[in-house]
Structures are given as C-alpha cells and as structure tokens.
Amino acid sequence: MDKLSEDKIAEIRSVTQVDKLVEDLKLGKVNGCYLKAFRTMDLLEKGVKGCAWNSAQDLISIFTCIGDLLSKADPIETVPTNIVLRVLKGIRDEYVTASSKNPGDKSIGFDTEESLPKMMISDDLATHDYAQPFKDLKENIIDYLSELDSELEASVENIASKSLEQISSGQVILTAGKSKSVEAFLKYAAKYMTFQVFVAESEPSGNGTELAMKLAEAGINTILIPDSAIFAIMPRVNKVIIGTHSVMANGGLKAVSGSYALAYAAKNHSVPLTVCTPIFKITPNYLISHDQVAFNKFVSPHQILPFHESPFSTETEVVNPVFDYVPPELVNGFVTNWGCYTPSYVYRLLSELYHRRDYLS
Amino acid sequence: MAIVKKEPKIREKAAENVNKKEPKEIKTKSPHGGDDNEPEIAVAHLAPKLFLQSYHPLLFKVGLRMSAGSITGSTQRCLSMLIAIKQMIHDHVTPENKDFARSFQAALNSAVKFLNQCRPMSVSMVNGIAFIKSHLSKISSTVPEEVARKQMKSLVEGFMTKEIELAVKAITKEGAKKIDHDGEVILTYGNPLLVKNILLKAFMDGKNFHVIVVDAKPRMVGKDLMKCLVSRGVKTTYIQINAIAHVMNKVTKVFLGAHAMLANGYAMASIGSAQIALVADSFNVPVLVCCETFKFSEKAILDSFALSKSGPLKPQEDFFNYGNTGKSKDSKGIKSKQDEVQKKEKKVNVLSLSYDLTPPSFITMIITEKSFLPASSVSAVIRNRTHELQ
Amino acid sequence: MSSPNADLISIYEKNKASSSSPALATCKALMDILETDNSATYAEFVAKLQKVIETFESIEPLIEVQSISEIFLRFITLTASEYQSIDEMRKALKLRGNLFLDKVVNCTQKIVKYGHPFIYEGSNILVHSYSPVVLETFLFVKKLGKRFCVYVTKSAPDNSGEIMYNKLKAHGIQCSLILDAAIGHFIEKVDMVMVGADGVVENGGIINKIGTYPLALCAKAFNKPLYVLAESYKFIRHYPLNQADIPQPIRGSDKRIRRKSGTVDESGPLVDYTPPNYITLLHTDLGTLTTAAVSDVLIQLYL
C-alpha cells in the first residue's frame, strides 16, 4: 500500500477531526466501549462523505491511515481499531459485489484466499486490487455504515434479550467488574424472574461496588463480596457471568484483573462461565505470554498503597495491573449481539468480521 | 533504614499484648489528624448478664482485646488465653469442701463461655482447652490442692513452651531452609506469624530472595507484614489479590499461614488463601502451608460456609452484614465507603466471611514442627497426638 | 515392469537431492512426469499418474508425499474438466503446476512469518526431534536479534534430534540436547513447546515423530502452550480415533529398523497421534489457526 502524501493526511485530519478522538483516547476521557465505538463510527462517516476518493482502494488507504492514528493513540484500546477493520471489510465486500467479477464470491465462511487449492483451481490469479471506480460504490458504503450504526446501537438490547435463555429463576449468579452488557443482561432477566447475584468488589478499582449498587436499585437481590471470597462462595453459585475488555483471536479474554482466579475457581467447581460482549470487542490479536509487552495496563499504585504512607510507599514495589488473561479453555460461551458462540468458534467470527489483508500487516 | 533488632520471643510478645495499657500498635502520624487509630472496644454487644458474673481480670482483658481485634492470629490468641488461664490457676480460690480440680473446671467452663461470646474460639484455643480439661479430669481428688495447682500450672507452661514456642522456632528454622535457591520469589498472603518469622530468619541468614505480599480488603493486614519486611530491608512487592495471576509466573514458592488443618486435609486459613493456592497450582508453583500440630483439628468440613460461625467478630450479627473488624490503620477509609454503601441503598447486602478452606490437592506440603507432611497425612498426625497427649 | 519403476525411482531421487523436503521432491518429480508425458487420452494419463504416485508412496511412505500427491491429482481432475483437448490441458497444467510449485517452495517463509512473534525475548522452548520449519523459524528469530534458549529432545530411535541440535549450534543459538525420557524434568523450565508435524488430521490433531504425544501430555499438565508449525499441504482427510487408527504404512515401516536381537518383531511405531485438545495453536501458511479452524479449512479444501 502506498504511503499517503502529507496533504492527504492533513485533509483526512481536518475533515474527520480524528485528532479530537485521539486526544480523548490518550487522556482516557472516553468512558466505555460503546462510546468509543460510536465516536469512531462518526469519524468514519465524516471520512466517507467529506474526503476525496475515487476508488475503493483510495478509501481503504484513508481508513487505514485513520486506524493507524487511533491505534497509536492507545495501543491497549482495541475497540476503535476493530470498528475501522470492520468498516474496511464492509468496503471490500461492497467492491466485490459491485465489480460482479464473481458474483457469489463474497468471502463467506472461513477465508483461505491464499490457499493452495484455490490457487490451482482458478485462473484468476490476481486478487482484487480494489482500484476500479464504481458509480454506486459511495452510496452503498454509506448505506453499509448506517446499517452498522443501527447494529451498534441495538447491540446492548440484543445481548440483554438473550438473558432469558441463560438464566432461570432461583439461580445464583456471580459477577465481577462493571460491564454495561452484564448490567443490561441481568436487569432484563430480572423483569421476568427472580434470582440472586453475588458481585465481587473488584478492588482496587471498585467497579464491582458500583455495579452492585446499580443492580440493587433495579430491585435485584444483590450481595457484595470481597475479592478474596470468590473461591469460598463458588460452591453456592450456579453461573458466572462476566463482561470483558476484549476477546482475543483464540477465544481467550482480556478481562478485568482478578478474572483469571475467578475463571479457574469456576472451572474447579464445574460452574459454567459465560461472557457477555458486543461483537466489536473481538480482536485479531493473539496473546503470547501473561507479561507480554502492551498486553496489560498499569494504573497508579496510590489506590493500593497511598503515597503519604512513606517511607513504605517509596521502598516497596507496588503493582496495580488492570487486565488479566483468561485462556479459552476456561470460558464456556460468549453471548454477543450476533448470537451465542463457543470460544472455538471465534476464529470463524474473525473471518466474518475482518479481512485478513487489513489486520495481517 | 534496616535496623536489625532481635526478634522478641513470641511468648513475651503475647504477654505484652495482654498486659499493655493501650492496644499494641505502631503509632503513625496520620495526616488526617486525630487519634482514630484506636479500635473501639466493642462492649455493647456483650449480653449484660455476663457482667453479673465476675471474671478474672486478666481473662476479661484478653476477651475484650480479642473482641476488639487487637489480639488476632490463632497462635497469639491461644497463647494469650493460656497466659490468662495460667494466672487463673494461680489465683483460683477453691471453695470449702470442694475439690480444686472440679471447682476449677467450673471456672474454666464459664471462662470458655465468656471467650466464646467475645469472639468465637479459634481451633487452636479449642485444642488448648481440650488439653487442659483432659488433664484436669485425670487429677484424683486425693491429691492435695497445692500439688494439683502446681501440676496444672506446669502442664499449661509445658504446653505453651513445647507445643507453641518451640514449635514456632522449629517451623521457622525448617521453613527458612526451604528458601534455598538464589533469587527465589516468595509469595505470601496477609500477615501470618510463622511466615513472617521464616522470611525474617532467611533474610538474617543472608539469603537472597524477593517477597511478594498479597493483601485483600477489607482487613488489609498484609500491609503490616509489608511494613515489617521493608523496615528490615527485605526486597518486597505489594499487590492486591486481584493481581495474583499477573505476578504468579515469576513466583517460585508460595508460603501460606493456616488457622487450622482439618482431618480431611483441608487447610482452614484466612479468606482468600484458597484462591491463591488455586492460581499457584495452575502455574505449577509449590504451595507450602505452615501450621503447628496443636492446630490440627478433627473436624472434616468441605464448605467454607460451615465456618461462618467462627467468622465475624460480632457473632450476634447477621451473616450478611459487614462486621467492622478494624484491624488495619486504614480502617477509616474503609469505614467511609462501607457507610456509603449501607447508607445509600440499604438493599445491597454485604458478605463477610473470615476463613476459607483450601483443598488438599492445591497444597504441596505442610511444614510442621514434627516434619514436612503431605496434606493426606494430617489425620495420621492427629491420631498420634491423641495417643501421645493421653 | 521393473525398468519403468527404476526410471521413476531415479526421477524421484534426482529431485530429492535438490529439494528441502520430500513433499517438494514429489511435486517436482510429478511435474517432470507431466513434462515428458505423451498420453493420448485423459484416462490414460490419470491411470499413469496413479501408478507413479503409488511407486512414490512406496519409496517414501510419508504423509506429506501422500497428501501432496492427492492435491496434485485433484488439481488435475479439476483442470481437466475445463478443457476439451488433452494438449491444451497439458499446457494449462504446466503453467499452473509451476505456480503451485512456487507456492510450495514459499510455504516455509509464510509459516515463519506467522509463527515467529510467538517466540519472545528470553523464552525457553522445548522442541522434539528435527523439523525444518521449526529450524527456519528459530533462525529467523535469531536474525531479529532476540535471545532465547532451546531444549531439543534426542528423539530415538534414529536420534534425529541431534541433527537439529547441530544445526542450531552452528548458527549460534543457545541450545541443549536432552534425552526423550528427560521431558518431565525439563518441562517446568520451559515456557512453550514447539513441534513440526508429519501430517495434520481432520480434527486438528497431528501425526508426528514418536514421542510427540507424551510431550503434549506433559505440556498440558504443566499449562505450557504447544505450538505446531505445519504447511497446509500436510492436511489430510483422515480422522484417527486413537493410536491404532493411524494408517499402517505411515505408522511404522518394517523396512526402517529391526531389533538387533534378530527376533521377528514389529520395529515399533515411528509416529504417534496427538489429539487436538493438547494443541494450543497451529501456525500454517494459511495463517495462525486454532484446531477448530483446521476442520473448516479441510472442508474448504476438499469439499
């Protein structure tokens, strides 16, 4: 892919105002994955309508540039980049349909574009270069973007509506952290049945406490437990339902710190672990090791050991990680706005969501 | 900054605990001002009729201190109780026409009741009382009072020395030997006496290791251990229990304290220990539990909930209410959040468990004063003890 | 019938000398046959090819030879359906065949591209026996400047681990040779296990040099990831249920080794089957796949 000229980049910046989002991401001002997703969508819509482009390839270069800027802003935050990848896939699909070279050739199913037999079978060795301009392409892409928008807006309700299949009356649910999806999930179920929820405090961030109060306000029988009590409480629990920060390409999770112990305790007691997540949290990255660079984020140790407790606060190393990796064997299923899937299916979702060329650089 | 002090003997420390006028704490200057470091001695919950009986003043002190949370830890609690009982034996006045042994038994029973009401007795205390009672019943009525008194006193003294003091010394020595490789990373949880002794001894023996202290709300007792280690110059890392998966791949050994070992091999320890043992097991890190044999109990429980009666410091309160344990300096911070939680919406119930059970499959080894044991041998040791003590 | 056989054998041996793997050799040999072929009809051509493939399989009873021959046959059948005359078909076949050959040659590079990020700085890796792809990956990572340490199993009965060890040493990579029986001792020291594969079966499991299965069991018990590096032409249409299900010629050929005692005895299996639940990820030229994805790929390839 050719590098974009300085002018082009400047145009992109001014039209889409990507710098504003980059700054907000760097400062951590964007709270919650849904907000990040919506703001990225806004940006991309502005890009389609405002920037100058002739062919799909031009637009792909523009969006790739935006994606790079967003990922550099905060490498840990994968939601903006996932949305960009999703839109890029949409553009490529629209192009393929428009070009009608192989009408049925939209990559459904697992994409093995480069596989040996495919090479042998088709004369068509050149893969699409996406450079041919088409009249209706712009309209189609704008339509696609608005469809994606409505899908994003409806994702929380979609996830919540699946709760009736997952929970039944009289069960005891355990959760941790503060996830909008889980909150909506439980509140929806509470309208139709009664159940009990244990919420782990998730110190030092205190997310669990917040969630517990919200659930209690909704009339759910909520019990707040300290993080240390998770193993002790597990024999009494029927299901563990958590949210996650992102879903890795192998079906593993990057979830709130403490999730590994929670997942392992659940496995030990044969309690199923379900993860509520919107589909745009699935990233094409793999985890290589628990202390991989740029996997985890560390926040201020003041939450654990206040600075004024010197000299101890200066003589001790204090570690305050935000995330934990949960391997796919510990996860029983994902509840997403597209449906319910097992971790072993994530590879397939990846190929439906994103195009290999975009994430394999 | 590392001032190497000689570690006071555990018995002297316990005696200090019992006899000090103020609660034994290191005074830190809190920027918030005010002396809110003193835990309130909660007396109100004790049934008024208890005051109708008169207790030995030392026993009374011990009971209240336990209730307030200034004497914690199973070994310390047992020791302070025994010191009080020894004094009781010394001061006991046998009523006319009554036998020393039988009358003291009655006094002992009421003392036990009192202590139970202050705070449910720990397994170590129960074992101590059982030991005393078994020997008390063996004293025949023909033995003169002074002899009986002396006998009992020396028995209690013997128990304290042999079963507790020397046991702690032996475990410290053997445990310190277990830190044998250079650059070991030891993980521990809370503030267990034995583990602290082991780490300090290994450090004084000149070994090179790094300690990771794990702590958890609400009690945050690990902070005290961290402060103790740092002030001696031991390389320490301090984390909360949520971060254990992140650090565990660097850990070479996990040392845990235990409140008691149960006959089926389960370790009863402070809440959160089972979780740590679980994560350690998933990373193939050996878990070493330090426990004196006098804390071995014949109970065989499988569920942490069955232990709930021995949990909260205020036994009358509901299972699902926050017991304010107020041990750590930062209890103020916790209190305000807790108030917030209870104030805003009374509907959020808060769970308070004090102990949990670690299954034997997660325990690699138990360090006792007799030997290193696998978790499966606990019932064998209990059987041997019962024979020995009789 | 022996002289055509001798010809075939010489063609195969000639190509083997110039190829890095038996699969490539088979491919080149088949292309040679194609060049010199002058059959009048399609049916005659296919029959001739099948005989050739049988001969090759008997010379070298390896999975990769079998699978690549099958792919070649399939590709002929499919091409044939597009053309009327056999000459046109032959021309088209030659063109595509060369492209196919190119792809096969470049397979290893692609695998290295997907597999190398999984070796991080300061990692310890356990490797079983000699695998050219794994070797290439290590060389690439070494070139990138990362430090890592490799433990290689000697891998009885032919001690092919020594070849791997010598090659690694020659490139200055820190490595040690360990006994097969010492796997349990070393597994706690390593961070991951990497193996090649002789073949990848339908459910995502692999068939590889004997000793891979116990290694996988060990890795699972210690929660260490097991990565498999395999080319996509090694995917076969086979679904073994257990060790006994591995097809016979591959499982253990009597021609290879006999017990010194002279007793008539099976020489012992040379490969074993590792079920998919012990495998963390497979790195192939199609990308990094989970074992569930392999099944999908096979469906795409063959159905």
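Quick notes
Note that the chains are named A, B and C in the order they appear, and that numbering of residues resets to 1 at the start of each chain.
Methods note: a residue touches a chain if its C-beta (ideal position, glycine included) is under 8 Å from a C-beta of that chain, and two chains touch if they have at least 3 such contacts.
Please read these numbers as outputs of a predicted model, since none were measured by experiment.
Among the pairs B-C and A-C, the greater number of C-beta contacts is found at A-C.
When chain centres are taken as C-alpha averages, the shortest distance to the whole-protein C-alpha average belongs to A. Taking each chain's centre as the mean of its C-alpha atoms, subunit A lies 45 Å from subunit B.
With centres taken as mean Cα positions, subunit C sits 60 Å from subunit B. The mean-CA centres of subunit A and subunit C are about 36 angstrom from one another, to the nearest whole unit. Taken residue by residue, subunit C touches two or more other chains at no position, since every residue touches fewer.
For subunit B, residues touching at least two other chains, in rising order: 282.
Within subunit A, residues 289 each touch two or more of the remaining chains. In the complex of the two chains, the subunit C residues touching subunit B come out as 188, 222-223.
Subunit C meets subunit A in the complex at residues 71, 74-75, 78-79, 96, 99-100, 103-104, 117-118, 120, 123, 191, 232-233, 280-281, 285-293, 296-297, 300-302. Put simply, subunit B touches subunit A in their complex at residues 1, 28, 31, 215-218, 223, 226-227, 230, 236-247, 249-250, 270-272, 274-275, 278-279, 282, 303-305, 320, 330, 337, 341, 344-345, 347-353, 356-357.
Partner subunit C is touched in their complex by these residues of subunit A: 109-110, 112, 114-117, 119-121, 125, 249-251, 286, 288-289, 292, 344-348, 356, 360. Of all the residues in subunit B, the ones that touch subunit C in their complex are 282-284.
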